[in-house]
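Below: a set of structures, written as structure tokens.
Shared chain: chain A. Partners: chain B in the first complex, chain C in the second.
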Partner chain A sequence: MNASPAAGLLPATRNALALLLLAMADDEFVIGFSDSEWTGIAPILEEDVAMSSLAQDEIGHARALYELLAEVVADGRDADAIAYDRPPTGYYHARLLDHPRGDWAQTIARRYLYDTADAVRLEALAGSSFAPLAALVGKIRREERYHLMHVSTWLDRLALAGGESRRRLLDALERLGPDASTVLAPLPSETALLMAGIVAASAAEQEAGWRAAIGPTFERLGLPMPPPVSAPETARSSHSSAFERLHDEFTSVRRIDPAATW
Partner chain B sequence: MTEPVAPDRLAAATEAPAAAKAVGSPGVLEPWEVFRQEKEGDPMRHGGSVMAPDAVLAVHYARELYGRRDESIRLWVVRRADVHQLEDPDLLQPPLDRSYRKPGGYVMRDKLGAAREQAGTTKPKANRG
Partner chain C sequence: MEPLSPALVRAAVGALPDPELPVVTIAELGILGAVDVSPGRVRVELHPTFVACPATELIQATVRERLTEVAPGRAAEIALVFDPPWTSDRITESGRARLAEAGIAPPGRADSAPLVSLDVPVPCPFCGSRRTRLENLFGPTLCRAIYHCPDCRQPFEALKTV
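And now, the complex of A and B:
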């Protein structure tokens, strides 16, 4: 087996990198699984295929990030073991993704908030000093471009349709808004990441960039901007009972026979 | 998805809630025809159709149904209502014998041979490519 691509990093930098990869991978994994619950019941057949395809893309991104994480930590666990063999409390996704998929408006609102925040996070990693991550981010961004196009066109439709569509969207934004920027809340290891040039912008800078990016859309559609995050220190811990149910579901096959080969 | 959808069934499937209707923009689904090209230089071939409320989502859905597995390098999406159709049998399948219009009855070999002799050329070799 090849040496870890992170072999040349200082231990503190390596740990910081591992935490960043875990946060990103868990985010993609959880939203991918959550949105895949629409398969078979989305509003129309074409959208069913589209949402399922987006969800599969996110699982694909999660897999690539878990694989990279497995190489960085090099503790013998593979991507599947990291993805599936943790208790719910061991996951490190943002609180925004603790919400259930809810109705269609909540799914669209969450995807919009998440995808726009993720785009800013990915931009800050595009020139990462950790070359394997920069290369992976380059590929992920090419797929996320379409995700943003698709969810933006849905946000417009729900916001501009008026009536029940708009009311449900506003309800969803009220529920999700306070947790929206948990995706960009600072990691405890942020300083090490910035010093090593792994990330180009601090969490605060990323959040400002995200607000500047979505501001014109929210203003055009007359939607309330997400408030500042509450309790940023627990942005990625103390998960909801909705997540515990999702975890129970997505680990159910793995638990039957963790050593099964596919 | 390639079958025409009866207007009444379509309306039932896309009925917007009364409240949304009141402000007047419920996206009504209609069929869009999708053409796809497999590689540069190939003709655009009809792939099938999607239901969508407008061109933007029609393109997204065409991408998902006819392009998400690297099977296309280009897609065209055309509103079915914008396709002009001709299926009149009097125009396309006339009843009288028209075989005299087809070139099958001509033997070209002798004429080509004479033309080559006159021009002093020989028959090109068969292409073994």
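And now, the complex of A and C:
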């Protein structure tokens, strides 16, 4: 076993890095698990395959991030222990992902908002001074391009179809919009991350970049831009009852047999 | 302990078939990276095709098994490496030919197309037609997409350009 890749970091930097990895891993884990609920019941067969693949990708990204986090904190917990052995209040995902998957329009709207925000976050990490994260992000970005292509196609379809499709999409954006930019809300450790060169852009810069990136699409489709986030200080805490139900589901096997291997 | 040549280890491990695409070896797919032999020890780097690829664990297990055969008595270390990342450009020419023979369209050049494009046609592996249509960006495994060829009326799979 090699020494922790974070061995050379100052304690404050290491803690800041751990919080960033936790936020990213929990985001990917929760959206991956939530979207996996479509397996078997998606509107069409192609989307059953697509949503299952997307969910598998996200949970794989979460696993790689949890593994990196386990090496950084080096407190004896492995990736599974971090992923499963916390109460719902211990999760650190963005409030956008606290919403249930809802109907197909809500799933698409959320994936679009999340994937576009995540793309900006990943871009700010591509040249990270923490080399293992930069390498992983380089790999993840290549895969996320396909997620963006998929969800952009669906956003167009639902927005341009009119009728019930567009109405459901607008309803979903109204519910999700206020929480959309919670993905990019500043972490309490932001200053340390910026000073250590782990992240290249502040949360405010990332949010501005994200709004500039999605603006033309929202304008072309005549969709309302997400408003500024309310209560950014609780962007990653105080989770919903929908998340508590999801947590109960995704921890159920682990609770039956914590030592199970696959 | 007998001296052991890295080339021999590379040949033995590299010849293992990919579990999800058994028509190609892990060397042809570009999964096998650096091989390092030192006294008492052998180290093999693997570049997973996709971060979430469920075959990765199986590949690790078969590589470990193969190492106990070709390098008995040596400590085997298998490292998963993302730097450099696996890209579809790592697939060798023979790997691409074998995929096409099996009816799976080989990927385009990732580095010449930094953004995935729907405008670049994927030739049908059966009849060569370039009028093919994307049916689904996602397929039976994370690394494959599904297309349809209107000329020979065949659905086919294509390795994603990543």
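Here, the second predicted complex is superposed on the first by the 262 of 262 C-alpha atoms of A that agree within 3 Å, B and C clash if a C-alpha of one lies under 4 Å from a C-alpha of the other, contacts with A are read in each partner's own complex, and residues count from 1 in each chain.
Assume a residue touches a chain if its C-beta (ideal position, glycine included) is under 8 Å from a C-beta of that chain, and two chains touch if they have at least 3 such contacts.
Because the structure is a prediction, the values reported are computed rather than measured.
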TODO: Identify whether chain B and chain C fit side by side or clash on chain A in the overlaid structures.
DONE: clash
TODO: Please indicate which partner A:Glu46 is in contact with in the superposed arrangement: first for chain B, second for chain C, both, or neither.
DONE: both
TODO: Could you say whether A:Arg14 touches chain B, chain C, both of them, or neither, answering first, second, both or neither?
DONE: neither
Open item on the list: Output check: A:Met149 vs chain B and chain C. Expected answer is one of first, second, both, neither. What do you get?
Closed with: both
TODO: State whether A:His239 touches chain B only (first), chain C only (second), both chains, or neither.
DONE: neither
Open item on the list: A:His99 in the overlay: touching chain B, chain C, both, or neither? Say first, second, both or neither.
Closed with: neither
Open item on the list: After the superposition on A, what does A:Ser165 contact: first (chain B), second (chain C), both or neither?
Closed with: first
Task: More chain A residues in contact [chain B versus chain C] - done: C
TODO: Applying the touch criterion given at the start, work out whether A:Arg121 contacts chain B, chain C, both or neither, answering first, second, both or neither.
DONE: neither
TODO: Could you tell me which of 6-14, 24-32 or 96-104 in chain C overlaps chain B after superposing the two complexes on chain A?
DONE: 96-104
Task: Residues of chain A at both interfaces, chain B in one complex, chain C in the other - done: 46, 49-50, 53, 146, 149-150
Task: Sites on chain A touched by chain C in the complex - done: 46, 49-50, 52-54, 56-61, 63-64, 131, 134-136, 138-140, 142-143, 145-146, 149-150
Task: Touching residues on chain B, where the partner in the complex is chain A - done: 1, 13, 16-27, 29, 50-53, 56-57, 60-61, 63-65, 68
Task: chain C residues touching chain A - in the complex, by the definition given at the top - done: 50-54, 82-83, 85-87, 110, 115-116, 118, 135-140, 142, 146, 160, 162
Task: In the complex with chain B, residue positions of chain A that touch it - done: 44-47, 49-50, 53, 146, 149-150, 153, 157, 160-165, 167
